[in-house]
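Before I ask anything, let me first share the structure, which is written out below as structure tokens.
By letter and in written order, the chains are A, B, C, D and E; residue numbering begins at 1 in each of them.
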Amino acid sequence: ACSTSSSQSTEKAASADGNSTGGTLNIVRLSDATNLDPHFITDIPSANINYQKVYENLVKPDEDFVLQPSLAKEWTVIDDKTWEFKLNEGITFHDGATFDAEAVKATFDRLLDPATGSPQREKFSMIKEVKVVDPTTVQFLLDYPYAPLLSILASQEGSILSPKALAEDPESLRDKPVGTGPFVFEEWKSGQEISLTRNEEYWGEKASIDRVVFKVVPEDATRLAMIETGEAHINDQVPVTEIERIEASSTMGLTRTEGLAVEFLGFNTQKAPLNDVRVRKAISHAIERESIISGVYNNVGTLANSAMSPKVFGHSKNTKPAEYDLNEAKKLLKEAGAENLKISLLTSDRKERINMAEVIQSQLKGIGIEVEIQVVEYGTFIEMTNAGEQQMYISGWGNATGDGDYNQYNLFHTASQGPAGNSFYYSNPEVDKLIEAAREETDDNKRLEIYEELAQMELDDAVYVPIRNYEHMAVHNEKVSGYWLNAANYLMIDKVKIAE
Amino acid sequence: MLMFILRRLFQTIPVIFGVTIVVFIIMQLVPGDPAVLLAGEGATQETIEALRTQLGLNQPLYAQYIDYVTNIFRGDLGTSLKNNQPVLDEIMLRLPITLELAIFSTIITIVLGMAAGIISAVKPYSIIDTVVMVIALLGISLPSFWFGLMLMYGFSVKLQLFPVAGWDSLAHIVLPAFTLGAGGAAIVARMTRSSMLEVIRQDYIRTARAKGVKERVIIYKHALRNALIPVITVIGLQFGALLGGTVLVESIFAINGLGRMIVDSIRMRDLPMVQGGVLVASLVFVAVNLLVDVLYRFFNKRIELN
Amino acid sequence: MKIEMDKEKPLLVTQTIDHPRQSVFGSFFSVFMENKAAVVGGLIILFYIFIAIFAPVLAPYHPHEINLDNKLIPPSMEHWMGTDDKGRDILSRILYGSRLSMGVGFAAVAFGGFFGITLGLIAGYYGKWLDTIIMRCMDVLLAFPGILLALAIVSALGPSLINVTIAVGAFSVPLFARIVRGSTLEVKQLEYIDAIRSLGARDGTIIFKHILPNILSPIIVQGTLRVATAILSAAGLSFLGLGAQPPSSEWGTMLSSGRDFLFTAPYIAIFPGLAIAFLVLGFNIFGDGLRDAFDPRMKK
Amino acid sequence: MQTVEEKKVLLEVSNLKQYFSVKKDSIFQPKAYVKAVDGISFVVNEGETLSIVGESGCGKSTTGRAILRLDEPTDGKVLYAGKNIVDLSKQEMRELRGDLQVIFQDPFASLNPRQTVKQILREAMTIQKSVTKPLQHDRMIELLTLVGLPAEALDRYPHEFSGGQRQRIGIARALAVDPKLIICDEAVSALDVSIQAQILNLLKKLQKQFKLTYLFISHDLSVVRYISDRVMVMYLGKIVEISDKKDLFDVPLHPYTKALLSSIPVPNPSVKNERILLKGDVPSPINPPTGCRFHTRCPFATDRCKTEEPALQELRPNHFVSCHYAEELLG
Amino acid sequence: MEPRETILEVKNLKTYFHTKRGISKAVDGIDFSLKKGETLGIVGESGCGKSITSLSILRLIPTPPGKIEGGQVLFKGRDLVTLSDSEMRKIRGNEISMIFQEPMTSLNPVIPVGEQIAEAIRLHQKMNKKEARAKAIDMLKLVGIPSPEKRAKQEPFQLSGGMRQRVMIAMALSCNPEVLIADEPTTALDVTIQAQILELIKDLQAKLGMGVIMITHDLGVVAETCNKVAVMYAGNIVEYAATQNLFDEPKHPYTRGLLASLPKIDEDKEELYTIEGSVPSSYSMPEGCRFASRCPFAEAMCHQKQPELLEHQDGSKVRCWMYSNEWTGEKRQEEVFS
């Protein structure tokens, strides 16, 4: 299944001439940021403004999602529970503060301080202490061995914040981020746009554009029209249905990147009739996943074979979800003695999800299950799944770190039932045990084996039906070149050029 | 006149209170506990309880309402759940944009509507009248959101005459203002026409004819001024429809106005913002109505007697 | 203050026979039939009602049946209006959707009309403080611009077609109340009301037997035009995603999902858009025609 | 003022006042009233026709409506057969309404356009229970014959009749409940002379036949002269003169009555009567003139008239007038 | 009486309304003439065509549906029916002017009355704004409006009905017209005010010497103000005579019936004469005499053929077979109307 190679910019994006510099890059987006403080950001639109633009991390993923040095020059794992980082020198924050080990410590101290109330704190809870060895050396002391540490340090929430801002007015970071990145925050016109300007003092290779403006344009059609006419340059939320049009257009280009997330149909395993594994299996057999990928997603993304996408550490080609087999499905239903089933299907109001729900509805009709679709706004969706009010639901699980633990522990561990991610309310002691084992295992190959086993167990229990590995898309006007999308759906623009 | 304005001002006070009550009641209908919402995911029972006390949710309804109104008078419309900013600030950021849009649309409504109405009324039942009125009828029957998209497709994407979206220059204003104003213009055109035809039947028009006044002068001097009186009221009411229409048009043209703010806030269940937005939009409308009444009175002094 | 009362000039004796000032159904019908536009409007509405009733017979396909192999087929012999992004036949969906869109229109107006008419009658008939209170409340409802009141209500009750109906209906209450009150006041001062009062009729009799039937024309006209507005408002709310839920084929919802294909498969949005526009147009010209037919002054 | 001889008083109105509040222009302004009827007293005897005349807006209709309690009077008593109507409960009033009926001016507005003649008459009888169901049809035919309409009229709608015919239907409706007193408010003003004559004759005939009492409101003095036994002249909410018809027309006492009588054009070019032209218009009833309300237009007004309100005094037998100088002017 | 020149002559004027319900023959062939300084009364019941007649003279009939179908309106020898619109405008308000029944609605509610008068003056006389305004104030003074300067600036709603009618008169007379058409100028007014207005018209006529057409349904008004009377019935003139003649010796059964059915202020009567039946519909006029169906004397011939307007020996004209040589029935009017 893991056939698609990492990132593929379209020809136009790559071939645009690189001799012009400067200009303002206009990026149009569906919704406004809600918060620009990395410790409080919970949504991609907000994170995308900061990530690798205003803020930087100790390490960063490259186009293949392999972690590379960034603010940290190099690192060593001193023992299971001690990681040491050597920092780059001569870096200053946008407010003039110096970047050094103290700055790193200040950042993580704030994040880990329960008084801060960061929703991201839990992710970093294994860190016992951040120790300043000298101005360019910092150590992370852990409570228990944690293999994926680097991946969380590379995530948005691992951004390094200005110690000066943290000391003087941490509140202000909410709407005035201060980092070390290639772009300096300029202004946030609420609901309208956020602008950044080039950091002239940047320690690395300076950006070629002068300015970036993130504009909010809620209407899909409008965003696309703006790209088409050149009023805007990049739109990283593209309706899958527009691919043909974009490709046919002479003024637009498309960029596609395989993502880390997986979209699935989940079952609340504790709600009748879905508490019967036969019913769940029957449903799994009745869903023709391929047609969803092509029909709903216009072949954007790939067929998923587990809750971990091919880019995630822990993915295996060998896991096998249920085959599309209506006879088997009907047989299972008969066995379960389930007739005239009426099941509700919860989804958030994302268009593709609604479409997918409708397709599933019509597919399940084939085995005599009547599906009632319940579309709610995202907030309500979260509330409902957190409270376990749903029967079936469509959801996705992103992976900020690229490590399998993030999927397995949060989605399937008994301890994660409810808000933490296990909205299947799935509980299997054997699975729990294996997940815990994988966490502490340091041998990568062994971990991979465990994850493969886990994934198949979960599929056999028909906890969910994996549907699609995400693929991120961005559309740009022909004048733009040099940007890319990383697997976590961040728009990378430090090398962007705009032709005139 | 001054007395009249004062009296009308005085009369709007209960209306404003009524509006606050309705907004307050509607928000009470929202299922779910606001404190739970506000506390966010995974909040403990204590946090929620504390929030509830802090928000005054433990108090009886009337006390909550009194709090609500007092806060409004202090200029405190609450804070956004989405970004923790004072709702009033968020609104003040967008209100000027929406007003600008509304004013331009109103100008289109008035100019286009009246011109079409007069053209029709001058030659009733002629071809030109029929054409204008059919267009007007279409104008009120077309869904504005659909019309807006079509305009955008035609004029911005295909012809590239106007920018697609945004709010930076006069060129940006044209399409949204037209989308928004077209329906109103159609209504005003119809109203102007029927009002003109009504007036033309009046005895005093016959008197003017009996004096030997030219037909043109009759239309523009004798008929129009009288015919405009009911049209003014319609324009005032239309302004309300127009403010309501901003929720659609601002979304389509990506204009960061009050209307879009309300829609976005509904999507994100940011109730304080919805509440504040609806309240402010209503207050604007009340103010406009006040203005219209004053104008109406200015144009039609006869009502002083009744 | 009017000091001199306009004295009625002697009425034409012949006029009573030649030009009935007040029309009962027969004469109304003839005037109505003369108004070609209104007849066209009425036919359009009848056409839609026909469609709504016979949708299952007329529709070539099931409106919700997804067939991803057939998606985005432009209008053709098999699919006259093409198929949408899920391969559903747009014609069939529009046919079924007429039930929803018209249903919302009628239900909202019935709901708004019921309360509006009742309140308007009470305010107009009893006057005094009752009138003041009711009409001030209506003023408050009218102080909400456009569909904002509906929007606020839907935001509170949650998106669904029923809530949209309630919301759009609530928004018509004050309009009905105003018109009914005005007409009630007008009819109330007519001498036959005084005559029937001096016969000792009860208020209920007067209101329902003597006032209501005589103010039906403005109510029907307003009702018809409001149905048009209600359909548009409901479609607008659905467009914003606050109305009917999938796989419903409510036209606003269809339009809303079709707008993504505006440039690639415009027929998905064009046909429901036309369906709305045409129906609304029908109600509008029908309402106009009714107004002309009811209003003796409009006679040429 | 009751110098009633053998006649029986049917209705007695005493000190009747009807004020309507006027919409204020400012919240600071004191409440203003239209004093439409401002303390009038008179009696109506059984079987007679008392006419009220006066110019537009002087309060004629208001008086009639107050008697019928179509508007609740501000003050005063209306004694009908000894009972004060004003104090009756709604239910009692409903029962009494059968005795008091009304015929209006506008032959178009006074019938419900959506009821057939049959429905109109039946409703009247049903409300007052004056005729039991089985007898209703015969009674309806009888009524129509009485007012001079054919029986086919029953199934027709009001708009199918001419003005005069409609007025007849109105009269039939009033008669349907066997009333004692009928208030005719401008009952013939809207009709052409030829039709007017028909209705006037009819009214007279019915009065004789059923011993009806009429309170006949009109601004047309020629009609009043034809139909009345007694006449009451009103000016700005007050009675200025009340007397037997003959006396009033032969010897009008009040300057206003005189002017009124002299203003009426006589359809006879040979008669050249001396015309008394009044100055100006009728003042507003909102702030009526002090003293004698007529003083602003009266050719004989003195300072006394401006301040002192004249009382209604009996100057000749059964002839009352409210003018300080009536006696002098008579001489 | 010295012989005065005829300024207006209406010959066989026909005005029909073409409606969906058919043709309404509102005015169907009427003739009359008006001399300088003379007052002609046109009386008749509602709907008989009085207003349409007057509007036809000034060509103010709403067209469509109305149309002057035939006949002539000779004003000082010129046929108004055939004039161009702009020539017609020069006559309106200047040489022939008109006042209407409803003073409440006949003035433009949003224009000060002084300006409305001045407008007429400026249209027809070479005067600038200021002069016209001064003249307007003079006119207001002439019609007896107190403090005319103040009133000129007021809008109609600030004036009483009587005053408005005076304003209408001032406006109509502001250009010294030769003919004034007054369409029921006092019907809407109270009797005391009516007396004032009629007196005013009489005075002004004596002063300015114009011919007046006084349209009314009130025979009293006719008796008091007119020299000549035309009695109309269902679109025709049925009797046309000097006032004195008409009242002394009414000839047409309709006229007689009308007079007999009138209650009179100076006499008591037990019962009024009544004309039975009602006016035929203007859409379907009978073949014969239009009054035949209501006429107590009608013979077969009356129902068959419409009589002409015949001149009587005393100079009056009657449209009745009874006065023709062909009449075979009895003439027994006296017993009927006494």
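Details
Note that in this section a residue touches a chain if its C-beta (ideal position, glycine included) is under 8 Å from a C-beta of that chain, and two chains touch if they have at least 3 such contacts.
These numbers come from a predicted model, not from an experiment.
Fewest steps needed to get from chain A to chain E, stepping only to touching chains, is 2. Of the two chain pairs examined here, D-E and A-B, it is D-E that is joined by more C-beta pairs in contact.
Put simply, the C-alpha centre of chain B and that of chain D have 52 angstrom between them. Centre-to-centre separation of chain A and chain C, using mean CA positions: 48 Å. Centre to centre, using the average C-alpha position, chain A and chain D are separated by 89 Å. The multi-chain contact residues of chain B, meaning those touching 2 or more other chains, are 149, 153, 157, 251, 267, 305-306.
Touching of two or more other chains is recorded for residues 56, 162, 164, 192, 195, 281-282 of chain D.
Residue positions 219, 221, 225, 349 of chain A each touch two or more of the other chains. Residues 58, 60, 89-94, 97-98, 100, 102, 105-111, 119-120, 123-124, 155, 157, 168, 171 of chain E are the ones that touch chain B when the two sit in their complex. By the touch criterion stated above, chain C contacts chain D in their complex at residues 1, 3-5, 7-8, 10-11, 13-14, 16-17, 20-24, 27, 190-192, 194-202, 205, 209-210, 213-214. Within the complex, the chain B residues that touch chain C are 14-16, 18-19, 21-23, 26-27, 29-31, 137-138, 140-146, 149, 153, 157, 198, 201, 239-245, 247-248, 251, 262-263, 266-267, 271, 274, 278, 281-282, 284-286, 289, 305-306.
By the touch criterion stated above, chain A contacts chain B in their complex at residues 28, 31-32, 34-35, 119, 174-175, 189-193, 215-219, 221-223, 225-226, 228-229, 231, 349, 377-380, 382-383, 386, 419. On the side of chain D, the complex with chain E involves touching residues 55-56, 162, 164, 192-198, 200-201, 204, 219, 221-223, 225-227, 246, 249, 259-271, 275, 277-278, 281-282.
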